[in-house]
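Heads up, the thing below is written out as structure tokens.
So that you can tell them apart, the chains are marked A, B and C in the order they are listed, and the count of residues begins at 1 in each.
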Amino acid sequence: MLPSPAAAGEGLRVGAVRRIPVALARPVPFGPMLDLRAIPLARYRASAWLAATGAAGDGLYSVVRYVIRLVRLLVLLTIWRGTLDGDSPADHAELSRVLTYTLIAGAFAMQLDAMTDIGDAIRDGRIATWFVAPVRVFGLAVANTIGRWFPSLLGYTLPVLLLAPLAGVDPRPASLGSGLAFIPSLGLAIAIGFALDLLLVSLMARTGWSLWDMRRLRVAFGTVLSGAIVPLAYMPWGLADWLPWFPLASMASAPLRIWTGDGDPVHLVAGQVAWATVGWVAALAAWGTQRERLVGYGG
Amino acid sequence: MSDEPAVVLRDVWKTYRLRERGTSPREVLARLVRPRIRVVEALRGINLSIARGEIVAVAGPNGAGKSTTVKLLSGLLAPDTGTVVALGCDPIRDRLRYVSRIGVCFGQRTELWWDHPVASSFDWKRVVWNLPRLQYDRSLGALTEMLGLRDIWRVPARELSLGQKMRADLALALLPEPDLVILDEPTVGLDVLAKRDVLDFCREINRVRRVTIVVTSHDLSDLEALAGRIVMVHQGQVAFDGQFDRLRATVGLQRRLRLVTSGPAPVLQDAAFLETRDGAHEYAYDAGATTLPSLLAQAEAQATILDVETHRPPIDDVIATLYASWHARDARGR
Amino acid sequence: MGEPRVRSTWWYVARVPARYALGFRMDLAFVLRSPGLAAYYLTLDAILTPAAGAATFLLAERLSGIGAWSVAQVTFLLGYATLVEGILSVAFTYNVSHVSRRIGRGQLDHLLVQPQPLWLSLVSEGFAPLSGGAAVLAGIVILSWSIAHLPVMPDPVWWGLFLANLGASVVAILGAMFAWSSLAFWAPVAAEEVATNVHEALTSLGVFPLDGLGGPLAAGLVAVVPAGLVAWLPARALLGIGGAMTPTWATPAAAAGLAIVGAVAFRAGLRQYRKVGSSRYTDFGHRR
């Protein structure tokens, strides 16, 4: 039977005045990024969970990546064994410390060079959808990154730490205190890494340089000057003396030195706090001035 | 030109196996160990024949099998069973011979070199397609004229608008003067003017060179403007193959009636009221089941008629009705 | 248009110079159109490519060498690795070497509609001699410095062996990257960046003297992820480190094996691609 005008009109009205949830109807908050008053943790958890399951779903292909990382670690350990091959007890102690340093650097490589996918999101235009979500944009990027770390921590970091003795490396921290101090130190290292990430994407938007080049810059200099590959004490030309004062050292060298009992944890963490503060103030300022460009960057 | 068809698909089947992922931690872990595979039958025994010089539109709802059909015709995919013969070639086995005679234009993928001026992409195509200089100059001259390439010739591809990029891509696909042109969503994202240019151009090359054109689009009015024949694919099978007029007839002789009357919308027994907009009441009726004078008589009995207009419903509405009926039938089948 | 003829493989081989000439023309136009941008890329490449070996060099400098390698020999290894990387960026750019990206992103379709064998597209499409040439120059500069400080006097035979090893290193890397990238035919999303992972492993491990590795690990670094072929094995052979233990034909032989593995894996992947195609498409990196 054909509908009457009244019935058809009723149907239209029902569709037209569908109720919008109040929370979604409010304007999207674009306020300062570190507004700690009401961080909706559940939303970030949901994003982190999706990122974690997405990465875990890669299955065998994740294993390929883990194997490559493991081989790289084994090679570095072998090189150190071939390089620091003295006979004295002091030589043995130094070798053991450097091996532990290298092992922990390899096991926590992603955290010691913390990098979000905000650059990719800007490049491919996904950032626009992040801006219209009722969450902090960089918070979402951080949540995604932490989510992606979980499968790697379970599938790579944990086995590496457990199986390290098989490779003749003692994975334990120098002392209980070192192990405890490592936790806040690693957190600060991650915070500095994220601040650097935000600074670099802001620079990318400002200069128009490509994300790929930014990453290459960071990898080429960051990993060397941060002590993530070679302990800074093994740098020539006096670099060993002044590199530890630089922010990059707070990203990797500081937590690794704390784990291996090389240096005063209080001083090292204090240095990290200082660089984290400076880094975040600079990153937020850069983000604030470049946000509009960032949204437009992906075209 | 030989009489054999340009394209023949005979009982073509194509199946994909998709791995399903888990959502909960247990599912994620369980499916890492024992993956769950979903089998999707993209094409289920498609039969299709396209004559040389014909323009054929391939349409269907999302997931119907359009893209698979286009990929088979482009030589990108091989059928699981059945045969695909195009321009007398097996698109997979005779790939090199075949692709040098076809032009493929994916509306959402550009063939242009991003950081280079448009001219460089044409120079690249000339070398890679091994086009004789005389043919290149002749073809480029015609395309430049018809598609207005002159103003974008020295502009890098990344600086082109969507419409300009589409024109350049279309010209690039047609540069080797192909016998068969496959256009996958060629009007997506284009404004009305750019769309009209593209459609006009396709009609023109078909008229002048008798080029066979296979075109897909979600915009059915575009397809109707370009092609005489439409092939509707649904759930991997040809659900309709014929002229657009016949397609309209499959959902009845649908007509629209717009009435401007002195009072409220009259209630017409044999027509469905759709809406009142700007004082005009719109109805849908089946011209095979009732007549216009009878409807007007009913309306006149209830109000004074100030204006009358009838028209065929847009082809999109016809297709939407068809899709809806298919979905309803599928739902009943489940 | 008449029926195109079926051409022989040699006909296509003969087309390679014309393809390179085309690549040169396009690259020259690109460089001349935005000299500032080109200068920026060239400078960045010249700095960043050798920077991959910075840790090794700094360590060698601090410890006056690494194991049996003197500082000059370590520098030779780094220069060789930089030159290999430079050749890859000159001849196989636009993600041709990172082919898992092209496969995973559905961009192989662009190559399959070209009327030429796929190998010709892959060999010629990534040729950018000017915009990608900075790393080659950097490699040559580093190698020149190191050779000047080495206690060897290269003769023509040595240079011939050097070039053969250099070519073999490039082939070995491409073979491995194509073999690993073939995973993307089966898992386009998960394995889209597998070439990047392999490349990172090669560039990060290829700049170390790998002496002292155990048998399986050393074999893996030659045959599976051939970081040892990036510079270590050829440099050992060319500089005579470890006596006659490393023959100069070792790298070419290993490269031939990897090339075969890469080709077989890629062909198997292509057969899979013919069956399932690509259900996704993103244009990142495509001809950019």
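To be clear about the criterion, contacts are C-beta pairs under 8 Å (C-beta built on N, C-alpha and C of every residue); 3 or more make two chains touch, one makes a residue touch a chain.
What you are looking at is a predicted structure, and each value in this text was computed from that prediction instead of being measured.
Note: the chain lying farthest from subunit A is B, by mean C-alpha position.
Each of B-C and A-B has its own count of C-beta contacts, and the greater count is at B-C.
Between the CA-based centres of subunit A and subunit C the separation comes to 29 Å, rounded to the whole angstrom. Each chain gets one centre point, the mean of its Cα atoms, and the points for subunit A and subunit B are 45 Å apart.
Across the assembly, subunit C contributes no residue in contact with two or more other chains. Under the contact definition stated at the top, not a single residue of subunit B touches 2 or more other chains.
For subunit A, residues that reach two or more other chains under the stated contact definition are 57, 59. Contact residues of subunit B toward subunit C in the complex are 16-17, 68, 71, 74-78, 80, 92, 95-97, 99-102, 104, 106, 108-117, 120, 123-124, 127-130, 156, 158, 176-179. Interface residues of subunit C, counted against subunit B in their complex, comprise 1, 3-4, 6-7, 15, 18-19, 22, 25-26, 29-30, 33, 109-110, 112-117, 121, 274-277, 279, 281, 283, 286-288.
Those residues of subunit A that touch subunit B in the shared complex are 2-5, 8, 12, 53, 56-57, 59.
Listing the residues of subunit A that touch subunit C in their complex gives 57-59, 61-62, 64-65, 68, 71-72, 74-76, 78-79, 81-83, 123-124, 209, 213, 216-217, 220-221, 223-224, 229-230, 234-237, 239-240.
Of all residues in subunit C, those touching subunit A in their complex are 40-41, 44, 47-48, 51-52, 54-55, 58-59, 61-63, 66-67, 180, 183, 187, 189-191, 194, 197-198, 200-201, 204-205, 208-214, 217, 220-221, 225, 227, 282, 284.
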